[in-house]
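Two complexes are shown next, each including chain A; its partner changes from chain B in the first to chain C in the second.
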Partner chain A sequence: MTGYIIRRLGEAIIVTLGVTMITFALLHLLPGNLAHDVLGPRASPQELAQFTQQNGLNRPIYVQYWLFLEKLLHGNLGYSYQYNRSVDSLLASELPRDLVLGGLSLIFALLIAIPVGVAQAVRRNGVLDYTSTGVSFLLYSMPQYAIALLLIQFLSISFHVLPAEAPQSSSALGMLAHPAGLVLPVASLTLVTFAQFSRYMRSSAIDTLAQDYIRTARAKGLSERLVLWRHLLRNSLVTVVTLVGLSIPLVITGTLIIEQVFNFPGAGLEYLQATLSNDYEVMLGITVLVGVVTVLGNLVADIGYAILDPRIRY
Partner chain B sequence: MQKLARHGVAASAAVLVMVLAAACGSSSSSSGNSSGSSAASASASLPTNGAGLTQPTTPAGTRLSGGTVFFTEGPDAAPNYIFPMYSPQVCSTANNNQLEYMMYRPLYWYGNNYRPNIDYDYSIGEQPQFSDGNKTVTIKLNSWKWSNGEPVTSRDLVFWMNMMKASPATEWCGYVPGYFPDNVASYSAPDPQTFVLHFTKDYNPTWVTYDELSQLTPIPLAWDRTSLSQPAPTSDNGHLPDTTKAGAAAVYKFLDGEAKKPGSWATSPLWQVVDGPFHLQSFTTAGEATLVPNPDYSGSPKATISKLVELPFTSETAIYNQLRSAGPSSLTVANLPSQYAPQISALEAIGYTDNKAASYSFNYFPLNLHNPKVGPIFSQMYFRQAFQHLLDQQGWIKAFLTDTAIPTCGPVPDAPPSSLVSAASISFTPCAFSTSAAQQLLSSHGWKVVPGGTTTCQNPSLCGAGITQGEGISFTLDYESGVVSVQNEMNDLAAQAKKVGININLTTHPFGTVISTAVACQPSQPTCKWQAENWGAGWIYGPSYLPTGEQLFAPGAVANYGSYNDASTTQLISEVTVASNETQELDAYAQNVSQRVPVVFQPTSIGTYQGDAGTLVAKNLGGYAANALGLMNPEDWYFTR
Partner chain C sequence: MRSSIPGSGTENAPAEAGDRKPVDVDVLPEGGEVAATGNPWAVVARTFAQNRLAMFGVGVVVVVTLFSFIGPLFHPTDQLNPNLLEVHLPPGGGHLLGTDSQGFDILGRLMEGGKSSIEVGLAVGIIATLIGLIYGAVSGFFGGAVDGVLMRVVDVGYAIPVVFLFIFMSQLVTPSLTLLIALLVAVSWLIPARLVRGETLSLRTREYVQAVQVMGGRSWRIILRHIVPNTIGTIMVTVTFQVANAILTLAVLQYLGFGLPPSTPTWGGMLSEGTTYLQDGYWWQVYPPLFIIVITVVAFNFIGDALQDAFDVRLQER
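== the complex of A and B ==
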C-alpha cells in the first residue's frame, strides 16, 4: 500500500505539471493583452511597454512558464491586479470559508444519503423507496439557484426564520459562530448533493444485497443489523467513495451560485470575476489549485477503495 | 470625466460603476411602432424619472444621536484603493465617492441637494478669485485641521500639485493631455491660507472651477515620505521630498504601493491622517469598510451617527434578498438593482423611501469611424442620424427598463437639472424613433433602401467618400453579455435596422472585453477591427463636472473611441473652455452634438450608482439628500425614533 501511495503521488506530480502546462498555455492563447487589461485603455505605449518588460511578458512563453513554476514552487501563485492582492492571500482568506461551506454540505449530504439509500434498497419498491426516489428526482432536477431562492423566499422573506445571507465573518471560525446564517446555504448545497448520492447509494446497495456473501451471512444466522452494517454498508460505499473523491474539488469552486445568492465571497466567485476581468494570475492560480485537489481527491478515493474492500490490492 | 462601467472597478478602463439597466422587464419587443412614432417621439415630454431628493429627508420623531448606518457597496465592487490620487485602473465610485472623499476631502465639494453645483459651505476652499484676465486663480482656504493636529494649508495643495506635475500625472484618472495640470504654468503658496494657480490661457472661470479645480485635493504632509520607517514629516522638520520632481515621483510610488494594501489601511499611520468627517476603523478582506466620525473634523456639520458600515455583496440577488428579508434594520441606504424595480413599492412598504436620483451621466455607444470596412459609412453624418432614429428609446424604457431610465440625445445630462446648462440644449428631436425618417435619410443620400433585404449605395457621389456603388450596409455590433435589458435592446435595434435594409451582426462579450476593445485607432492598426461596441453604459462627469467634450469628442481625446473628428464640434469644445458665457456655449455645443450624433445615444439609467433603479433610504434616516454626482454626505445623516 505504501508503495502504491508513493507511486500515485509520483503520478500526481506529473499530472499536476501537465495541468499547469496546459492551463498556462491556454491562458496565454486568450485574446487580449495583460498590460492593456491591467493599465486600461488610457495607458500610453510607454507605460504598456514598461509593464510588459517588468512582468517578463516580452519573453518566450517557455521562459515565462519556467518563471511561473519557480514562483509556484515557492508558494507564490501570483498577483491579482483587480484586487491589488496576492493570489495566495486571496485564497488563504477564502478557502477556509469555502471548506466550511462545502465541507459541511458534503458531510450532511453523506449523513443523509447513505442511510436513505440503504433503507431504499432494503425496502425496495416500498412507500419509503418511492417517496425518497421522488424527492431525489425533484431535487436533482432543480437548479441549485432555484432551491436557494425558494428557501430564501419561504424561510427568510416570508417567515423571517433564518437570515438570507451567509455569515459575513472573514474567518472560518467566525462563520461557525453564526450557525443560523449557515443553514440556508449549506441546506441548498446539501439537498442537491444528497439527491445525487442517495441514488448512487441505493443502486450500489441493491447490487450488494444480491451478492452471495450477503446470502451466506444471513444463512449463517447473522442478525439483519449486522448484515447491513458489516457487509452491505461497507461494500456499498465503494461507489460513494468515488463520488466523494470527485466532489472534493467542487468544495473549492463548486459553490459559485450559492456564493452569489447568499452573499458569500468565495473562490468560485473569485474565479468567475477573474475570468470576466481577465485577471490572469487569479485564473491560473485557482485552476492549478483545483487541478491539484482533483488529483489528490482521486488518490484519496483509490486509497478508500482498499480500506473498504480488502480484496482490492494495489 | 470617466467612462462608465459595471461593478465598481473596471478591470480594463478608467471607469465608474454603472449597471445600465439590468431590468428583467418584458421580454417582448419594444413598442414595435416601426414608422408611426416619429411625431410622438419628436415632441416627447421630458423624462419623468431621475427625480432625486432635492432636500434632506426630515422624518417625524425625535432626532437621535448615534446609530449605525449600513450601506450597500455594488456587487463585487468593494474598495481596492485608498490614495485620493487615483489612476484610471482604480477610478471607481467604490474607491472615490464611497471611501476616499469621506476621509480626504477634495478642495471643493459638488452636487449637494441634487444639483451638479459647487457647495462652498462643504468645501475647504472659499470661492476662487480670478484675476489677470482669468489666467490667475487665487484660492483662500478655510481653517481646517488634519486629525494629527496639523493645519490644512496651501502647502498641502502644493504637495498635491507637485505629485501631479511629476510623472504620475499621466496616471491621474482625470488627466487630459493639454489640460490640468499641463495647462498650469505655475502654482504657489504665498501664505498658509492662500493658494495661487497661474494658467497658460485665460480660461472661462466656470469651466476652471468645475473642470480643473475639482481635481485638487489637499493631502497631509504626513504622507510626504518614501517609507513607513521614516518619521512622519511635518511642515517644520526640514526638507520634504516632494519638492523635486524625482522626489515627488518617489513619494507617489510609495503611496501608490501602500494604497494597494487593503489589509493595512485601518492601521496605517498614513491613511489614519484625515481631514474629512470620517476615518476608517476597519476593513475586512471581503471588503467591509467601517467608518467612524473623525472627532477633529473642522467642517460642518459634524457627524452624529456613530458608524457607517459599507457592506460588500456578491450579486444583485444578494442585495435584494437582504433588503426583503431583513429590511431597514440591516440595510439603511441601499442601491436597488434595476432588475428589482418592480419591487420598489413592496420595499417602500417595509420602511424605505425610494430616491430616484440620476447620476450626472449620459449613455451611448461608439461606432468606429476609422474601421477600414464600415468607417466610411459611419463617417457620414446622415448615416449616424438615420441610425440614431432606429433606437426606440422610449419603447425600450417601458418594455425593458421598467421605467428606470431617461431618453438621451446628447452629452448634457437631462437629469439632474443644472443651472449651468440651458434647458434649451436638451432636445430629443434628432433622436426620435422613426424608421421612416431613417429610410428617408438613406434614400436622399443615394441609397436604395430594401426593407428586409440589404440596402445598397446607388449613387456614390451622394453616399459619401469611400463608399462604392453597390456597397451594402452590414456591420458587427458587439455588446456586453449577461444583461437581459441590453440584449433585448440590441435585438430590437437589429430588427429595426433590418426594416431599412441595414444588417447588424450581433455578438456578445464580457463587459471587460467590450470596454477595452473600443479604442481609438488608425484604419491600418489591428486594433481597428472593431465596428460598434456597446458596454451597456456611457460616461459620468467626474472629477471634471462640467459636461464639456474635451475628453469625448475632440480629435485625439482619450475617450474619443470612435475617432470622431468634426471641425464645428471641436471649435465649440474649445470655445466652452474660454468663453465668457459658458451657458450659451454649452448650449451650442450640446445642440451640435445632438445633431451630429458622434456616438449612438441610448437610454441613461437613473440611480446614483451602477445605474440602479434608485436608492432606498430607511424612513427613519434624516438628513439624506441626493447628490447629483454620486458623492456621499453621511455627516448630515441622523436617525429618528
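== the complex of A and C ==
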C-alpha cells in the first residue's frame, strides 16, 4: 500500500510538471507582445525594452520556464498587469466564492444522486429507473449553459421568483448572505453534476448487487433493508470517494460556463476576462492551478479507493 | 480487481433479477446468447435491436441526418446574405420556424447547422478513436517503461482543462471547420487511449497472442491483427459517445464565443445567438436549436449505451 501511494505520488508530480510545461509553452505561442500589452500603445521603445529586460522576456524560453517554475514552487502564480495585483491575491478572493458555488452543488448533487442511483439499481427497469435514466440523459445531453438559461427563463423571466444574477459580493460569506441569488447558479451546477453522478452510482450499485456477499447476506436470511443499508449502500459509498475526487476540479473548471451565465465572480469568469484582455499571467496561473487540482483530485480518488476497498491490492 | 462470475456480465443479470421476483423475460439474456455459437455479430445485432431506446436513437440519427443533408433540397433558403427586412419574424407565413436577428430562416439554418455539427461530430469521433486505439494498443502491448511514458502523456492531457485549451487556441488562429475538428480530436483521443490500453493489458496475456509471439510474429502484426480487432466493442461504443460529446462541446464553445464564425452556421451558434434574445420572448430562436441538439446527443448516447450492453463492455470513464 505504501509503495502504491509513493508510486502514485511520483506519477502525480511528473504529470503536474507536464501540465505546467505544456500550458507554459502554449501561452508563449500566443500572439502579442506582453510589454506592448502592459505598457500600452504610447510606450516608447526604451520603455518597452526596459520592461522586456526586467521581466526576462528576451531570455530563452527554457530559462523563462525555469524562472516560472521556481516562482510556482514558492506559491507565486504570477502577476496580473490588468489589476496590478498578484494572481495569488486575485485567486485568494475568488476561490472561496468558487468553493461556495462548487461545494454546495457537489453536496446537493451527492445528496440526490446517491439515493436515486441506489434506488435505480435495486428497482432496475422499474418506473423510477426509467424516469431517472431519462432525466439524467436529458441533462447530460444539454449544453451546460442551456440548463442555466432555461432556469433563468422560467424562474427569473417568466415568473419573477429568483434573480438571474449571482450576488456580487467580495467575500464568500457575503455571497452566502444573499441566498436568493445563489439558488440558480447552484441549482444549474447541481443538475449538471447530478446527471453524471446518478449514472455512476447506478452502475456501481448494480455491480455491487451482483456480488457474492450480497447473495450470502440474503441467503443467511438478512432482511432486505439490512442488506441494502449494511452491504449495498456502504459498499457503494466507495464510489462516492471517486466521484468527489474526480469533481474537485469541477469546483473550478465546471463552473466556468455557469459563472459566465450568472456573472458569478469566480476564477472561471476571471479567466475569461483575462483572455479578452491578454492578461497572460492570470491565464497561466489559473490553468496551472486547475491542472494541479485535477491531478490532486485523481490522486485522492485513487488512494481513497485503495484504502476503502480492501479487495484492491496493488 | 473486481471478482466476476466466469462468463462475465451475461450471467449476472438473471442471477440478480431472478433471486427475488418471478423470472422476467425482458431481463433475461436474450436466448441467442446461450445458443449462438457461430456469428458473434448476430448476437450483438440482436441484443442491440431489442433495445427500444437504441432503435429510437438510430431513428433520430437517420432523421436528423436526412433533415440536414437532404432537407435543403426541399426547403432551399439563403443562409449567406442577411435579410434585414425580415429579422425576428415569428413562425408562420413563409418561414415555418421564423427568422433570426439577421433575417435567416431558422428551419433552413437548422439544416445548415446540422451539416457542420454532424460533420464535426462524426469526424472527431472517428479520428479521435482511431488515434486513441493505436496509441492505447501500443502502450498496453509493450507495457513497462513505454506504457509508463505514454500513459503519463495521457494523464497530462486529462489534467489540462479542455475549455481553457480552446480559448488559448482561438486566440492563436481563427477557427475553421478543419481546425476545430483537429482541436476536438486533440482532446478527445485520450479517452479511447485509456480504454483500449486497459483492454490490451488483458488481451496480451491471452493464449492466441502468446502463440503468435512464440511463432515469431512481429509486434505490429500482433497489435493490428490480434489486439485491435478484439477491441471492436470498445471502439464502437467510444465512437458513439465521442460523437455526442463533440456535438456538445462544439455548442459550448460557440456559446463562449470561441467557435466557428457566424458564416458557418452551427446549432450551438444558433442557440447561443438565440439566447441573447431570451428576454425579448423570441422563443423560436432558442427552442428549435436546443431541441435538435438535445435530441441528437441523446440519440447518440442511447446508441452508445445499447452498444455497450450488446458488446458487454465496461467503460469506467462514463
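One rule holds for everything that comes next: the second predicted complex is superposed on the first by the 289 of 314 C-alpha atoms of A that agree within 3 Å, B and C clash if a C-alpha of one lies under 4 Å from a C-alpha of the other, contacts with A are read in each partner's own complex, and residues count from 1 in each chain.
Methods note: a residue touches a chain if its C-beta (ideal position, glycine included) is under 8 Å from a C-beta of that chain, and two chains touch if they have at least 3 such contacts.
This is a predicted model, so every value here is computed, not measured.
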item	value
Touched partner set for A:T23, first chain B, second chain C, both or neither	second
Touched partner set for A:A180, first chain B, second chain C, both or neither	neither
Partner chain in contact with A:L246 - chain B first, chain C second, else both or neither	neither
Chain B versus chain C as contact partner of A:I157, first or second or both or neither	both
Touching partner for A:Q260 - first (chain B), second (chain C), both, neither	both
Which superposed partner A:Q273 touches (first chain B, second chain C, both, neither)	first
Dominant contact partner of chain A by residue count, chain C or chain B	C
Which superposed partner A:T287 touches (first chain B, second chain C, both, neither)	second
Partner chain(s) touched by A:I307 [first = chain B, second = chain C, both, neither]	neither
Set of chain A residues, in rising order, touched by both chain B and chain C	31, 149, 152, 157, 260, 275
Chain A contact footprint on chain C (complex, rising order)	1-3, 5, 12, 15-17, 19, 24, 26-27, 152-153, 155-156, 158-161, 163-165, 167-169, 171-172, 244, 248, 251-252, 255-256, 268, 271-272, 275, 278-279, 286, 290, 293-294, 297-298, 301-302, 318
Chain A residues within the chain B interface of the complex	31-32, 36-44, 47, 81-85, 89, 93, 149, 152, 156-157, 160, 163-165, 168, 170, 259-265, 269, 273, 275-279
Parts of chain B lying in touch with chain A, wherever the complex brings them together	9-14, 76, 80-81, 87-90, 170-171, 175, 260-263, 284-288, 311-315, 317-319, 321-322, 324-326, 510-513, 515-516, 518-519, 558, 561
Residue ranges of chain A in contact with chain C within the complex	11, 14-16, 18-19, 22-23, 26-27, 29-31, 124-125, 137-138, 140-146, 149, 152-153, 157, 199-200, 206-207, 209-212, 215, 218, 249, 253, 256-257, 260, 271-272, 275, 283, 286-287, 290-292, 294-295, 298, 311-312
